[in-house]
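Next, two complexes with chain A in common: one pairs it with chain B, the other with chain C.
Moving on to the complex of A and B:
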């Protein structure tokens, strides 16, 4: 509950996310997505209820640093996240503070920068980078911490389509390497990459299921202020036109296959 | 006469340093009065550098910019203040520039500095607030009490209140949720339809460009890749995708069908056109 607001930003939410899951969180502005995520690494504490991260309760003061090491956050605006004057120093900031030996820091920083495609910029000053490049540096900073769980809070919203595709691929790779990923996004095409989609509305969980299940309910999604991915919307229209397109089509490739079957 | 014209416009950042980079190279374009032009291009393609030349925020390294036929850097004739009245620029995330105590005063800041006052000032501010759909009960609130989408509207209203002849918007809907995104785009389209002013829109969202623009300028590596009608640009959707741009999924469906040897038109990017083309294909 925020001061001066009568309704709770997040209201009676009970969810459980397992190690290694890839979860997308959707919902209109003000639906409580970011507020929820900020509880995952103790930026916010609940007014009531509890949050447990890797068996640690977030209300336990002594565990804050362990929890924040476990859950890394990447935010929307990279300018608010970069602290150093050289790219590689910025990425090294967190592991340095964790007391990692220098040789391993070197390894982690190089690896993190390579996986976001910013290795060749490692000696640059952040202010010389574009918004998308800065965001990738911020992501590298979390990667270098080797957090078990990474929360992306609309991290792609300032990126161009290429940067967004690279980020989506990076998220997928991190997840395949074992990280738990929570991606809060307004982009439906990112959500379909996840194993599980949670739709928030008015501070509550409206829907929780696989992307195919979630995007099957067009009416409910639209009521929650969300769009179908365009290929799914076209599939829906074609079905209305009387064509035999199976439900659950989400991507352009799947729709191509369906149309070819009809010819 | 084109309202905006560039001739061999080139801008080099950091000349004489190890980070020297030619951001835009030899750009010659003409934009006509009343046109709605979309600009697309990958990050670093020069979109923002180009538009900052159009109201004199950046000075060309070489080449010229003409607004209303006058070279904006022509000594003696140049009048940057007048230029910035004519060409209004809405930056990315303009809500970070809100600063006044009330929404009304923030929107009024520009026209007030132009010397408007009293009834005239109130009228233009009311017009701008209404144009972006800010209800009167918000006008006396602090801009910082508004939601993200409302802040964005207030910031855009501040530029509309200057009644620019040319309105340039850099990713005006970025970071908003789908409903906020649609609202901002329809505000811009309505403004253009009502005022018949020139609008230049930078967007990564091809659907927005497809739904709004008359012509599309595609920049790649600081140069003009193409500048043509929406239909002709999207008929090159496969090339746009290779440049790292995101094309509407509908366009991808038709490229996919063509790759599989199905005789389809690939210049299709809206759901309505797609329905018709698929009906034609199947019947």
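Moving on to the complex of A and C:
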């Protein structure tokens, strides 16, 4: 509940995300996604109810530091996340805060910068970079924390299509390496990569399930202000034109396969 | 046009001076300032000027950068030297016209003043040209570290300086953007008298402040998310190291000071 607001921004949400899961969160503007995310690492505390991260309750003052090192978070606007005047110093910020020895920080920083493709820009000043490049630096800054769980809050919104695909691949790789990933996004094609999709509307969880289940219900999605992923939308059109395409097609590859079967 | 503002802008390089420990450079700059104030004759300023020229040559900073750092203070130099020229009444009169009298000691004082300001600005610019802002704040944090004992927030001050340096270009860019946006809506920012122009700035400043506060809030959240918890328990990726080249640098500085002191004692003008 924000001051001066009539209703709670996030209300009656009960979800449990297990270690190693890859969750996408969808929902229209103002549906409470960011507000929910900020509860995961004690930026906000719930007025009622509890949030538990890795067996730590967020309302416990003594645990704030440990919770924050467990849950990393990347926000939408990179300009307001970069602290230092040199790229590599900024990526080193979080590990420095954690009190990690210098040589290990160096390794982490180089690793994180390489994984977002910004290694050759490590000596640049942030204001010499484009928006998308800054966003990659901000992502590297959180990767260098090597936290168990990373929340991306519309982190891809500044990236070009190629950059977004690369980010999606990076996220996938992080998840395969064991990190829990929560990706808040407006891009359906990112959401289908996840193991689980949560759709929020007016501060509540509207839908919660696998991408295949969620994107099967076009009507409900449209009520929540969302689109189908591109391939699924195309499949839908083709089906309406009388082609025999089975429902539940999500990715371009699946659609291609269906069409080949028809030929 | 706003982009041209350089606030101690770093000028990359790998020279001897670039590689000195920032703490050493800060102390050396302080010593240079002391030398500038102690020096009391033309010879002394000649030696300091020579020293500075050699430093600039070693650092590979082009001499036009010196002009650039001097340009903004030219009015101050002109103003103070004129004051000195006309208002010092001691010494032999060189030139007289009605109530205006210029004396030889007036000329001397005016010259010393100009020389002092020149050496100070050029010397102070050298450290900002050859030291990354981040190293400078690290150096300050480390040098003033002992003040933590008397509860002086050394780390916090250094952090504030870092963030200010980080956001100066961002805010300048933003000011440019807001000005363009206001112009596109028909505001005239560069015409009219002084009062009119100052008034025209209000619709630029208000959005700028609002956005700066929003940025500050976002940045605070982002820093908390990255486990920022003040200076306690923090480590540094780049450790400052006082190496062999620093000994050479410090030695050169000490020689300069000694030279100035000797010149003073000998009374060379």
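In this text, the second predicted complex is superposed on the first by the 263 of 263 C-alpha atoms of A that agree within 3 Å, B and C clash if a C-alpha of one lies under 4 Å from a C-alpha of the other, contacts with A are read in each partner's own complex, and residues count from 1 in each chain.
We adopt the following convention: a residue touches a chain if its C-beta (ideal position, glycine included) is under 8 Å from a C-beta of that chain, and two chains touch if they have at least 3 such contacts.
This is a predicted model, so every value here is computed, not measured.
Trainee: Quick one: is A:142 in contact with chain B, with chain C, with both, or with neither? Answer first, second, both or neither.
Mentor: In the superposition, A:142 contacts chain C only.
Trainee: Quick one: is A:225 in contact with chain B, with chain C, with both, or with neither? Answer first, second, both or neither.
Mentor: A:225 sits against chain B, while chain C stays out of touch.
Trainee: One more residue to check, A:98. First (chain B), second (chain C), both or neither?
Mentor: Touch partner of A:98: chain C, not chain B.
Trainee: On the A-aligned overlay, A:161 touches which partner chain: chain B = first, chain C = second, or both, or neither?
Mentor: first
Trainee: Check the residue A:186 against both partner chains and state whether it touches chain B (first), chain C (second), both, or neither.
Mentor: A:186 contacts chain B only, not chain C.
Trainee: Just to be sure I read the superposition right, which of the two partners does A:132 touch: chain B = first, chain C = second, or both, or neither?
Mentor: Only chain B; A:132 stays clear of chain C.
Trainee: May I ask you to decide whether A:60 touches chain B, chain C, both, or neither, giving the answer as first, second, both or neither?
Mentor: Touch partners of A:60: none, neither chain B nor chain C.
Trainee: Does any part of chain A touch chain B in one structure and chain C in the other, and if so which residues?
Mentor: 77
Trainee: Okay, in this complex, where on chain A does chain C touch?
Mentor: Within the complex, chain A contacts chain C at residues 38, 41, 43, 65, 68-69, 72-73, 75, 77, 79-86, 88-89, 92-102, 105-106, 109, 125-127, 138, 141-142, 145.
Trainee: Residue numbers of chain B touching chain A in their complex, please.
Mentor: The contact residues of chain B facing chain A are 19, 42-44, 92-93, 147-149, 174-181, 204, 207, 244-246, 248-250, 252-253, 256-257, 260, 262, 271, 274-275, 278-279, 281-282.
Trainee: Touching chain A in the complex: which residues of chain C?
Mentor: Residue list for chain C touching chain A: 132-134, 162-163, 165-166, 169-170, 173, 214-215, 218-219, 221-229, 233-239.
Trainee: Name, in rising order, each residue of chain A that touches chain B in their complex.
Mentor: 27-30, 76-77, 124, 128, 130-133, 154, 157-165, 186, 189, 225-227, 229-231, 233-234, 237-238, 241, 243, 251-253, 255-256, 259-260, 262-263
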